[in-house]
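Next come the structures, one after another.
Common to both upcoming complexes is chain A, partnered first by chain B, then by chain C.
Presenting the complex of A and B:
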C-alpha cells in the first residue's frame, strides 16, 4: 500500500482541512483512554495536538529534529517516573498515545497522515485491553467512525463535505461486518489469553478477601459493581436462602479473622443433603482471587473447582477473566455431623488477652446447652439497642468488647465476629463464613444480580447431631437485611450507590435493562471461548471439529469472500447504472422483443422517433418517455429536488409500463 | 422551440427557402459566439444567408468581396494624413462592424486572410502599433467556393480552426425552387427579412447559452466523440473544437428551448464543427460515421 504510490504519498501534502479531521479523530481515541491513564499523558498528548493546530493556523514552522529528540527524552523520563521499570499494559498504551501525538509534529505528507490513522486504529483497539464491556465497545465506535471518515477524506483527491465522508465511512464499516462475523465465529479461540497481560491489569479488581478485619466489608458494601450473576434452571429460591458461600474464617488474630492455615491438614467435612437440588449457572466477574462463590451447600461442583475442607470452592488460579460455571446446591443439609478434635480445637480458639468482658459473658453461659447459648446471644443483639449501620464508630484493639458493650453500632461482620467470639468463649465451636447474601432479580432476563454491595458475613456453629448450622446474627438485629436486601436495613444516613437504592425507580429500570444487555454481551460475545466455539461449530456442522478444521474453514470463508468481492469489483461496469438508466434499460429490453433496438450512437429521442414510425399510435408516448428520460439523465439537479426526482422516476416507470401494456 | 429563436428562423426562412436545418445551424453558431464558414457553389444563397442573419439581428453589417489584390488595409482600415489637423487619422475599415461578410474568402492572398486571424480570435485589430477593440458582438461570416480552385488560396488549417462551424447549403428541393421561381422580382437579396431582435437581446441570448446545463453524462459522450477522432483518424479535433462543440450543443439546446444538453444536441452540431477540421475529403461524411460508431 505504501510502496506502490510512494512518490505521491511522500510528496503530496494535505490541507488544514485534513489536519483538523485527523486531530479530531485522534482526540476522540485519546478521550477513550483518558479515564484509565494518568492525567499528564492525556494532557501532554492533547497539548501536542493543539500545538500542531497552531503550527497550521499561525503558519509556524514544524519543530526541528533536535527539539523532537529532547521532547521524546523528557516523555520517556516522565513515563519512567509514572510506571517505574515495569513496562506493562498501561505504560505501553501511554507510550503509544504520546508518541502518536509526537508524530503529529512531523506530519506533512499523505503518508504521515495514513501512518497516524493506522496507529490511531490500534489505539482504539487497545481500549479493549482495559475494558471489554458493551459500553466500551459502543463508545469505541465513535473514534472508529471518525478515523474511517478521516481516512476517506485523506484518500480521496477531492475534499468531501463531512456528511458524505461519514456516509462513506459508515458504509465501509457496515461492509466490514461480514468479515468481522466470520473472524469472530471462526477464528480459532485458544484456551487462555493470547497475550500475557502483566499484573497491573488486575489491580482494580474487587472481591472478598480471605482476611476479615472489622471495617473491611463496610468498604465492599459501598461498591455497586457486579460480583456475579446467577441463572437458575428453575425458580429463584427465596431471599433468606441465598447465602453465597465464600471463604470460611476460623482463626482470630487481634481484630482479624483468617482462614485455616493450608499446612494444617484437616479432614474433609461430610455433607448429607435432603432438600431438592437447585441447579444454577454463575457468571463470575474477575476478582483476582481463588474463590468460586456457590450457594450453600454445593452438592455438585463445576469442573474447575475444588472444595476445601470447610466447603469453600476454589479455583486453581485466581479468577482473572469472567468465568461461567454450573453447579448444584441443596438448601437442607447436615454438614459434618462429627467434629475431629483438631477441628474442635481451632473452632474454639480465641485470643484471651483482649475482649475480657466478652469472654466473661461467654464463660457465664458455659454450663448451658448449646441452643440456649445461641438464643441468649441472639437475644442480646435483638433486645439491646443494637443498630445496623454502614458507618460504625471506630473500635479499639478490644474491638469486640467495644462493639458489644459500648458502641453497639455495626454491620454484618461486627455481628458475625462478636457472635462467633461469644460462642467460642461459651465453649460452642463456631466460625465465620463470608460471602454474599441475597441479590437482585433482574426481571428482564430473569436472573439474579449479586453485587459487591451484597457482601455479607455470617456465622456457623457446630451442634451435636446437627453439624455446622448457619446462624446469621445480623438477622437478629436487622432481619430486613436478609429478607429484602441491604437498602432496607439502612437509615438515611448511610450512603449507598444510587443503583442499589430502590427509590430511584426509572433509573433502576434503565439500569436493569442495561445490565441485561451486559449480561447477554458477556455470555455471547465475551463468553464465546474455545469450548463454546467448538460446541457451537460442532452443532452447526453436525460433526466433531478440531481446532485446525476451524482454522481451515476460516481461511476458506475468507478466501471465498475475497473472491466474491474481486469478481463483483471486476465485473462491475464503470459506474453503477443509475435508477434512470435501469428503468430505460427495461424499456429497451421490452422493445427488443418486437425487434426494435437502438443503434450505436442513436440518442433516445431519435430512437423514439424511429419507434414512432413503427408504432405510429404510440409515437407520442415514446417521445414523452425519451424526453423524461433525457430530463432525468441530463437535466440539472436542482437543490432539494430529490423528492421531485424520485416522483419523476416513478412517473417514468409508469409511462414505460403503460407503453408496453398498450403495445400488447 | 425558443420563442425568440423561432421568430428569427421564421423570418430568415422567408428569404432562404427550404433550408431550415442550415439556418438553425447558422443561428446556433452565432448564439455560441463563433464564426461561420459557408461553403458552396456560386449562386446557392450563401451571401443571402449572411445578409439575412445580419438583418434579422439589426446589426451593423459590412461586406468585403475578397479578391487576390485585396490588401489587409482594405479590411482593417487605413491611416490618412489630415491636412487640417496635421496628423494621421485612422479610417476604420469594414471590419469595424458587428457582422463582417467575407465573400469568397479563399480568393484573397494569405496576407489578407491572416489579417482576419487576429480579429477572429482576439476580437481586436492592430494597426500602426495600436490595438483597437472590435465592436461587440462581432462575427465573421465567410463564404467560399469549394470547387473551381484556380486562382484561390485555400484557407490553412489554422484559419479553418477559427471558424466554429462550416455549413453547406446545397441545392434547394424542387418545391422551394418553384416558390423561388414564382416570386416577383426574383433577386433574393431584394427581399430583406424584418429586424426581429436587437444586439442587446442577442447578447442576452448568448449569455443564456452559457447557463444551459451540461451534465457529466453528456460530457462523457462529448469526450468519447473527440477521443474517437484522435484515436481513429490521422488528425483529431483540438480542444478548441471540443470547447466549441460544447458551446454549440448548449446553443442548440437553447434553440430547442431546453435548459440542459442531451446527446442529440451534440449530434446535431457535430458534423458542422468537425468536418472542416478533420483532414478528410468533405464528401465522405466522416462526422456521421463517427456518430454512428460512438455509443452514447
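Presenting the complex of A and C:
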C-alpha cells in the first residue's frame, strides 16, 4: 500500500448539483417526519435548507460562526419551549433534524456530505419509532433511495444524470436485500431496552385505564385503532361470548370507579370451569399499561401473565411493544363460589352522600331475592326511555341520579356504573368489569380484530352458589351493541370513526384487506422478536437452538451470502454490445476480409486513416464512419434526443453498407 | 532516536510495499487483474460504521423490527458497495504513452491511457504517481481515456517512472480500491538551465578565426526562411515570394555557422554548474533561432545547426552526460 495521494477528496468542494441532490434527499427525510413533529421544527429545518440553496445560488457567504451560535441558542430555546424539560424521543428527533439543517450551512466538502448523509440515514430510520406500519416502511424507501443516490453522486467529481444515479442506487439496494434478509432472520434478537426509554416514547398509546370516570371510555370508543387481534384455534365464539376482561373496578369515589388497593390483600378467587376450552392467540398492540386482555374466563395463562385476585391478567411491565400470547378460556364457569367478608364489604361499599334517589330505589328492593333485584334494575333500563348514545349530556356530582332519573342517555359505562350502584344499594355484591366486547371478524385472515372502539364496561354480581355472574346492563338498552357491535347500537347522531361505520362497505372491504396485510406484517416482521425468532428457528432446524447456535449460523449464512453476492456481481457476464457497437463490429468484420484489422490500442479514427491509405478513394467515407461512430458512442448523451440518436444510428448503418458496396 | 524510528518506519513501509502485488507493464501495457486489486474501508466508512452502530443500538433499545431491517439493509449495502468499488477498478488496461522530456524541476506530464476491458462504464477512476497529485476521470464502456499525470522531476538524466497508482471510491465512498502499476519506462529529464542570465557567448570558438561579433550576420546568403514581421524589406526575397507560396526572407549569416559554439571549456564551476550553463545557452539560442553547436570536453559533439531535433539532441547529450 502506498501513501502519497496528497490530493484526496477531503478538501474538495462539491458542485451545486451535488448540493441540490443533498437538499432534495434531506428534504424527503424531513417530509417523513413532518406529520408527527411540531410544525415549526419542519419549517425551520426546511428554511435552513432553502437558505443553503440561496447561499449557493446567489453566491452569498456562508454564515459566520457567531450567527450559527445565536441561531442554535434560539432553536434550543424553542425546543425547551416545545418539549419542556422532558427531553425524550420527539425532542431528540427534532434536535437531530434541526442540527442536520444547521450542518448544511457549513457543508462544502466531501467529508461534510458523507457525515450529513449518514445522519440523514439515521433520521429516516428514526421514523420507525413513531410508526412501523407497512406503509411507513414503503414511504421510507423513498428517502433511503434518494440518500443512496446522493451518496453515489458524492463519490463523483461531476454528478451523473439522475436516471443513471437512481438506477445505480436502486440496483445496489436491491442487491443488498438477500444479505439483509439473512441478517434479519438470524441476527440474535436481544430483549430491549438497553437503557431507560423516555416517557414520551409511549405518548401515542391508548388503552383501558384503571380508573373509570363517567365519560371516560367514550374517548376510546371514538378511536378506531386496533387494540388487539385474536386468532382462534377453532371456531370463533359467538359475539355475546366475546367479553375481553380488563381491569375490575371495585371502589367508588364520587364519580370515579377504581380497582382494589394493592395494599389490601384479597384472597384469590376460585374458578371452576365446565365448558369446552377455547384456545386462542392474541397479538396485543402496545398500550403502555399492564393489562393483558383475555377472554372470560381464562383457564390457561400465557407465561408472561399473572392473575390478580379478580381475574385480571397483568404483565410485569407495561406493554410497550406488540406482544403475542396464547391462552385458553372457558365460557362456562363458576367464579368465586365463596365470598370472603372482606370482599363482600368492598363489593357493597357505596358513597352514601350523593345519589340519594338511587340509594333509596336500591334500598326499596333490598328485601327481594337477588335475581329479582337484577331483573328489576334491568327492566328499568329496558322499559324506561333510556337511550344508548356516545354523546351523553353532562352530569353533575350526583351523576348516577342524574343519569337514572333525568337524562337517561349514556353508554356502557353509565349503565354499568349505575347498575352496580343500584345493586350495592340493594345489598347485592357487585363490581364493574372493563375490557372490550366483541370484535370484527376479518374473513380474509379468519381472525378477530378488536379495536379501541370496542371498549366496554359491564357488571358482575355475586350470587350465592353461582359466584360472580356477568350482567351486561347495556344489553338491556341496546342489545345490538352486544350482538352486532357498537355501530349498530348508535343513532346517526353519533359520529364514529369511518372504519367502524357499517355503511361504507367497499371501504370496509378494502380496509379489511389492508388490515390482513398489516396483521401478517405485524406477525412476521414487527413481531419478530427474540421469542418468535427462537420459535421460528427451532421449528426450521427441528432442534432446540441456543443463542450462540443462532449467532454461529448467522455468521456462516452471512459469509455464504456475501460470497454468493460477490460471485454473482463480479463474474457477471459482460453486457450485450450496444447497437452502435454491433454496427461497427460488422464494419470491422467486413474489413478483415480484405486483411485490415485495427491494432491493439488503435483508435477508430486512426484506424480509418490507415484504411484511407489502403483505399484512397474511400478515405473520406471511412473517416466519416469513424467520426459518427465516435460521436454516437462517446458523445454526450443528454444532448441527443432518443429520436435523433436512432436516426443517426440508421445513418451509420447506411454509411457502412455503402462503404462496403462501393469497395467491392 | 527519532531518526532511527523514522528509518525503521520507512524500511517497514518498503517491506510492506514489497509484499503487495503490483501489475507489471509489458511493452508499456499492464492489465489490472483480480489479483492486483486491493480494497480497504475508506476513512468515510467510519461515519457509516457509527451510523450502523447507532441504528443497531436504537433497534435493540426500542425493539424496533424495522430499525433492525434498516440497519441490516445499510450494512448489506456497504457490502454491495465494496463489490461495486472493486468492480469499478478491476480489468482496466493501463498503457503508458511517452512523456515529453522536461527540464529538471519542472512537472513532467505523463500521458497514461486507461481502457475498459469488461464492457462497463467506469466512474471516478483516479490515477497518480507516488506522492503526486491525482487526476480523476470516468471511462465509458469499452473505451479508453487519457490521464495526464504530473510527475515532479529533480535531476537531469533518465528518470524511472515511479509506481503508478490507480484508485477509486466509487460508488459510495465507503471503500478505497487501489492497484499499483510498475513500469520500466523512463522519462528523459533535461538539465535545469542555469538561473544566471549569462549572455550567450558570441560565437567564441577558440579554434576559429571568425568574426566574433557575428550573430545572424548579413554576409553569406544561407537560405530562405518564411517572412516574419520585422524582417528588413531589403532582405525579402521578392523573387521567391512572387511564386505565390508565401513571403520569404533571405537569410544571411556571418560565420556563425562555424563560430557559435558552446563549449564546456567556456564554463566554470563544477560539472552540474557547467551543464546548467550550457543548457541555458542552448535554450536561449534556440529561442533566438540561432544556429549553434555544442562541444563537450573539448570534442565537438554537435555540429552547428538550428533544427528542433538538434536542439533536443543537444539537451539529451547534456542530460545524460
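Definition applied: the second predicted complex is superposed on the first by the 533 of 664 C-alpha atoms of A that agree within 3 Å, B and C clash if a C-alpha of one lies under 4 Å from a C-alpha of the other, contacts with A are read in each partner's own complex, and residues count from 1 in each chain.
Here is the rule we use: a residue touches a chain if its C-beta (ideal position, glycine included) is under 8 Å from a C-beta of that chain, and two chains touch if they have at least 3 such contacts.
What you see is a predicted model; the values in this text were computed from it and never measured.
**Q** Tell me which of chain B and chain C touches more residues of chain A.
**A** C
**Q** Regarding the shared-chain residue A:142, is it in contact with chain B (first), chain C (second), both, or neither?
**A** Touch partners of A:142: none, neither chain B nor chain C.
**Q** For A:105, decide between first (touching chain B), second (touching chain C), both and neither.
**A** Once the two structures are laid over each other on A, A:105 reaches no partner at all.
**Q** Tell me which partner A:602 touches in the superposition: chain B (first), chain C (second), both or neither.
**A** After superposing on A, A:602 lies in contact with chain B but is clear of chain C.
**Q** Touch check for A:633: first (chain B), second (chain C), both, or neither?
**A** Both partners.
**Q** Output check: A:211 vs chain B and chain C. Expected answer is one of first, second, both, neither. What do you get?
**A** neither
**Q** Show which residues of chain A both chain B and chain C reach, each in its own complex.
**A** The answer is residues 600-601, 633-634 of chain A.
**Q** Per the contact definition, I'd like the list of chain A residues that touch chain B in the complex.
**A** 599-606, 630-631, 633-636
**Q** Could you pull out which chain A residues touch chain C in their complex?
**A** Touch residues, chain A against chain C: 1-7, 9, 110-111, 114-115, 118-119, 121-122, 124-126, 128-129, 132, 136-137, 140, 144, 148, 151-152, 154-157, 160, 168, 172-173, 175-180, 183-184, 187, 189-195, 197, 201, 321, 525-529, 562, 565-566, 569-570, 574-575, 577, 581, 600-601, 633-634.
**Q** Within the complex, which stretch of chain C touches chain A?
**A** Chain C residues touching chain A: 13, 16-17, 20, 29, 38, 40, 44, 47-48, 50-51, 54-55, 57-58, 60-77, 79-81, 83-84, 86-87, 90, 95, 113, 115, 118-120, 123-124, 126, 128, 130-134, 136, 138, 140-144, 163, 165, 167, 169-173, 178, 180.
**Q** Residue numbers of chain B touching chain A in their complex, please.
**A** Going by the criterion above, the answer is residues 213, 215, 217-218, 259-264, 267, 291-296.
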